[in-house]
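There are structures below to look over.
Two complexes follow with subunit A in common, the first pairing it with subunit B and the second with subunit C.
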Partner chain A sequence: MSSDTIAVIGGGPGGLRAARGIAEIGGSAVLIEQREFLGGTPIAENYAGLTPHNEPAEAAMRRMAEAVTSHPAVQVRLGTQVVAAEGEAGAFTLTLRGPDGREQVGCGAIVLATGFGHFDPGRETQMYGYYEFPDVIALQDLEAMLKVHNVVRPSNGQPPERVCFVQCVGSRDRQIGNEYCSKVCCGVASKEAIEVRQLLPDSKVFIFYIDMRMYGFWESQIYWPAQEQHHVQYIKGIITEVLPTKDGRLLVRGEDTTMGRPMEVPMDLVVLSVGMEPSPGTRAMARLLGVKQDKYGFIHAPGGPLDPVSTDREGIYACGAALGPADLEDTVSSAANAALRAVAYVRSRSLSAAG
Partner chain B sequence: MPLSGRKVPPRAVEKELATVASPISGREVELPAMWNRMFEPRVLTDYGPDGFAALAALPGAESLEWCYGCGKCIPVCPVDVVGEYGPRKLHRKVQTGADLLADPDLWLCTTCGNCLRVCPKQVDMIQIMPAAREAALAGGGPVPGELAEVFEKTFRYGNALGANPRRRAEWAAAAGVPVRVLARDPSPVDVLFYVEDYWSYHPRGQQAARAFARVATALGIDWAILGPEEKTIGDSQRLAGEKGLFDSLVEDVTATLAKYSFRRIVTPDPHAFNALVKEYPRRGHEFTALHYTQLLAPLAGQMTWARELDLTVTFHDPCYLGRHNGEYDAPRTLIEAIPGVRLVEMGRCRQNGYCCGGGGGGMWLDGFSREHAAERLSERRVREAAQTGAQALVVCCPYEVSRFEDAAKSTGNEHLRVLDIIELIDEAMGLRPGEAGAAGG
Partner chain C sequence: MTMTDAHYKAPQVAGYADVPLEEKQRLFAEVKNDIRFADYLYGCYECGICVAACPSARFYDFSPRRIAQAAAREDVELFYQQMQEDIWECSQCFSCLRCPRGNNPGGIITIMREVAVGNGLASAREALKAYSRIIYKIMSTGTQVSPDMLQPDAFPDWGPETSDVSAHLDLWRRALPPETLHTTSTGWAVADKTLIELYLIWHHTGALDMIADVDPGLHAILAEVMEERLEEEGIEL
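Right, the complex of A and B next:
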């Protein structure tokens, strides 16, 4: 049976923006989130401040969530998963499993906002010792410490004197299979570097990089202030290995490519700038709905740059990092795009049915 | 991958000398560490903000830290063309722990400004270098002896050559035209001609000064000089780190200038011109200042020519007239006005003009710079000039005639004459006393 309702799967920044967009232009939405809370990865992974403006993630996500939960045209299902899908565009039936058991929801179109997961630096390569050395952490681990304003070495609870970021961990790597640039890590690492310098003014902070990819305004919003005002040391040349030293520190080894010389620099805390991968939810929903994925597992958008949100199945749209590496700006932009496309789709069907 | 301490990190090793036996002669040859590093590179063990912080404490020197390593400065750095230098490399040296204030690199920059022209981050060596040099001087750091001598001479005699100040106007006696000295005739004058050191004392500079005297007189310009009262403006001493000396010279110079009534200051020295239009106003002293080519270029149509010179020339843009102050056309207007002179440009001209090596104190660091570079900047420039096929390298900065004449000899380009523009004009107007032509060609 045809339906004008649009199902939005995923309650992070993309899903929240899509659901709000649908409601604001007169549609109705069901927002389905498997976690017990809205806000997605920024909340689940304890982000401190959002890149680039460093607005506290909690407040920003709460604002987005309230705009959705307060809108009468959006129903929210928390702690709920989509376990089955039937029907065709215009008349999908999703089977949901939630705290109150199973439920069937009819919808005319679907927006996938299932987001990304952080690359697991221990999975493919043990090079950096993420699971061996307590003081080797990832971007989101540092976010969690920044959120509580307490950056310490996990090994001893002491504030680190020397902190470095290693860029491109799990990105731009044919062997790992993630050939893409994850787009946000240069900006996020630089943003975190600034926060570390502010929190620990005596610390020295280093960023080892292949090339800094500060697209658009991030160049002068994040990179330049990090270097010029917060004295973050940028070093061109990536770290190949992390070794323990006798005094309990970590020795990072690599090549300084501008000097053409090897480097071995002691650190207290090594932060791996892990890239983005399709989240388990993105992979699961793609399979469940029969939507094509690209070679990396993100949702495939066959329309190219001028139609970045349509999937290969009629009536199903995707947004944000479900489609590939994306920052928040990309995510909410594509979410609004997907909302518009989904509402237009169900309306055009209603009109042709009525006509 | 070895993990958890099983691998012993390699030790940092640097050998200062490597000994290599020649397979031909059997002799053992010692190679310097530079070659050695090709075999066993020295390991970098730290980076830090401390060097930048020390520089940032000096007014004007904070921007070295801003470098993001794009490398645009290196190909246009005149010193890198003959050695290993450039702002990006200095940034990395400081980031890896070098003390710029104690490093020979501190004295190699000629402040030619070509790096700043192309730098996307506006890393400003024109401010960084004088500030760091000033700090090195104040801190008693190593200062090249030849430069220290020039500071001393400037302080004692008011000129970089250490010449007798009372003989500053002696060049004028042989000019062939009367040269008015304001101390003797203090009535108001249109052009106060600020001769500066090298046109006052250097034999080749004096020839140019006399040529200017004849040309200005022939054109009916109302002009005069300060004579023995004139002291150097000292802008290159400032850029070489002696800001205190420069400031005291500003006081002396402005006190002298205050005694006379004139409309414009005209100088042959682009460095003095630079100070008059940029540094003097900053200190509250406003003058209408012109380089002599700017005074004469609008008058080119009034020049009466006595002969055609039949000469192919190339022109060297002075850094402090061109890049620093944007004047590229006045010298060319004059050159092109001279009958029979054909101008061919060098590849590096105008905004991308190659430095002669004399700016920022380089004029007085020839021996020191030579030890740190494969050849002199002036030699590189003369070879570029010779490649154009020109018969003469034409200049309009008092530093350059002597620098390029020496370089023409040392590079085997003696056929290349080095002439100031004013000498060509003087020649073509037939003003040289006791001569009946031909010297120009």
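Right, the complex of A and C next:
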């Protein structure tokens, strides 16, 4: 028996946009989120502000979530996982395990909005010492500090005088296997650098990079202001190693390539700009639904650039960072695309069934 | 402390005396606090378009990019080195103005040169040594080159006509239609009123003081000429 309901798996920005989109054009959705709350990674990882415009993440995600929870055509299942899937396009049956036990949901199409995870810097092939030095942190760790307006060195609770970001950690690296650019880290690091400079006006902030990839409007929205108004120092040259100094600071080693000289400079706080990887949920749902993954584990979209949301299984669409590195604009755009495609699919099935 | 510290440069091998870090910071601050600085340096892509456009970069180990970078990074060590060396290799042609970020490395060099001259840096003395006659001329007469400076012995490669002209220089000059050119010791006749105004400008803008350190002898002569002339006009400094 075919169903007009569309299951959206994942309650982050992509899943929220997809569920809302389905409801807005007259469909009905069930939104399944394994966490106890909506909002996805921006909430789970304590993002302070969204890139590029730095709107507080909590308020923005609450707004998106309320548009979904207040809509009668969307049912939300929190703390719920998909544990089994049967059937074919037009008549899938998902088995959910939630706070009230097991439940079966019929749906005609599925939107995967299972997102990304931050690259684990313990896997990097340089020697940054994320798990060794307390003052080596990652982008999301700094986000959490910025959220409470208190940026300090974890080792001693003191505000740092010298802060650096190391770009492309876990991205663009054949050794690690992540050959792709994670798209957002240049912008996120620059946004955070601006916030650090605002919060600690006496601090010196450096960004060590391979290429700055501030595409489109991010150039004038983040990059130029960071450099021109907030005096963030961009140094082309990647750090190979972080070493402890006798006075309890960190020494970063690299090459200042455009100046043509090696550098060894002391830092108080080193921020690793970790890239995106498929989230465990993305990998698990791909396996469960039998959807093909690319070599990195993201959902494969065989349709190419003009059909970026179709998976290799009929009736199953994906959006946002489940498909690969994506910023918020990419995510909500592909989510709306996936919503449209899913609704169109179940309607075409109903019409042919009625016909 | 900037990106470098002094680790990569051994000051004793440089062709100029090293000075304490505080002095370098003071010189950098003087450049940075110049009212023009904010319009000359925004942010640097380090793209090298200024170097590609720069004629001096083809002949010297000179890079307008490095000038912009040193200033942007507040690398006072490199900045000081540049004030002692690089800035005098710039021809001030401003080809570097094609910068996509709107920077003006040549303009930064203008300020750096002014600060180098004003602080009597060794490089400024060296660079201006050959120009004392021109500085004397322009500050005492208001014109840079006068006909009587163009003597055949000074310019043997100018050919035989030069000696004919210089032998009857006064006559040739009188043959020129505008009366203001009937002079040989200045490029054109400079009115007394103009000269007094110029002297007051040199004095009040600090232009005269700027050369006190780079060429004390020249400064003394000019000061004497100017004071005498101003006194005649009843102006006391």
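Definition applied: the second predicted complex is superposed on the first by the 352 of 355 C-alpha atoms of A that agree within 3 Å, B and C clash if a C-alpha of one lies under 4 Å from a C-alpha of the other, contacts with A are read in each partner's own complex, and residues count from 1 in each chain.
Note that a residue touches a chain if its C-beta (ideal position, glycine included) is under 8 Å from a C-beta of that chain, and two chains touch if they have at least 3 such contacts.
Note that the coordinates shown come from a computational prediction; the quantities given were computed from them, not determined experimentally.
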Self-check item: Joint occupancy of subunit A by subunit B and subunit C, clash or fit
Solution: clash
Practice problem: Could you say whether A:T258 touches subunit B, subunit C, both of them, or neither, answering first, second, both or neither? | Solution: both
Quiz prompt | When both partners are placed on the shared chain, which of subunit B and subunit C touches more of subunit A | solution = B
Practice problem: For A:L243, select first, second, both or neither according to whether it touches subunit B, subunit C, the two together, or no partner. | Solution: first
Quiz item: In the superposed arrangement, which partner chain does A:E314 touch: subunit B (first), subunit C (second), both, or neither?
Solution: neither
Quiz item: Which of the two partners, first being subunit B and second being subunit C, lies in contact with A:E66: first, second, both, or neither?
Solution: neither
Quiz item: Just subunit B (first), just subunit C (second), both, or neither: which does A:E179 touch?
Solution: neither
Quiz item: Thinking of the overlay built on chain A, is A:E228 touched by subunit B (first), by subunit C (second), by both, or by neither?
Solution: both
Quiz item: Is A:E86 touching the first partner subunit B, the second partner subunit C, both, or neither of them?
Solution: neither
Quiz item: Just subunit B (first), just subunit C (second), both, or neither: which does A:D100 touch?
Solution: neither
Quiz item: Now that the structures are stacked on chain A, which of 149-157, 185-193 or 401-409 shows subunit B clashing with subunit C?
Solution: 149-157
Self-check item: Interface residues of subunit A shared between complexes with subunit B and subunit C
Solution: 206, 224, 227-228, 233-236, 256, 258-259, 261-265
Exercise. Give every residue of subunit C touching subunit A within the complex, in rising order.
Key: 3-4, 7-8, 42-44, 46, 65-66, 69, 72-73, 78, 101
Quiz item: Okay, in this complex, where on subunit A does subunit B touch?
Solution: 125-127, 129, 132, 204, 206, 212, 223-224, 227-228, 231, 233-236, 241, 243-245, 251, 253, 256, 258-266
Quiz prompt | Interfacial residue positions of subunit A with respect to subunit C in the complex | solution = 206, 224, 227-228, 233-236, 256, 258-259, 261-265
Quiz prompt | Interfacial residue positions of subunit B with respect to subunit A in the complex | solution = 1, 3-5, 7, 9-10, 12, 37, 41-49, 52-53, 65-66, 68-69, 88, 92, 95-96, 121
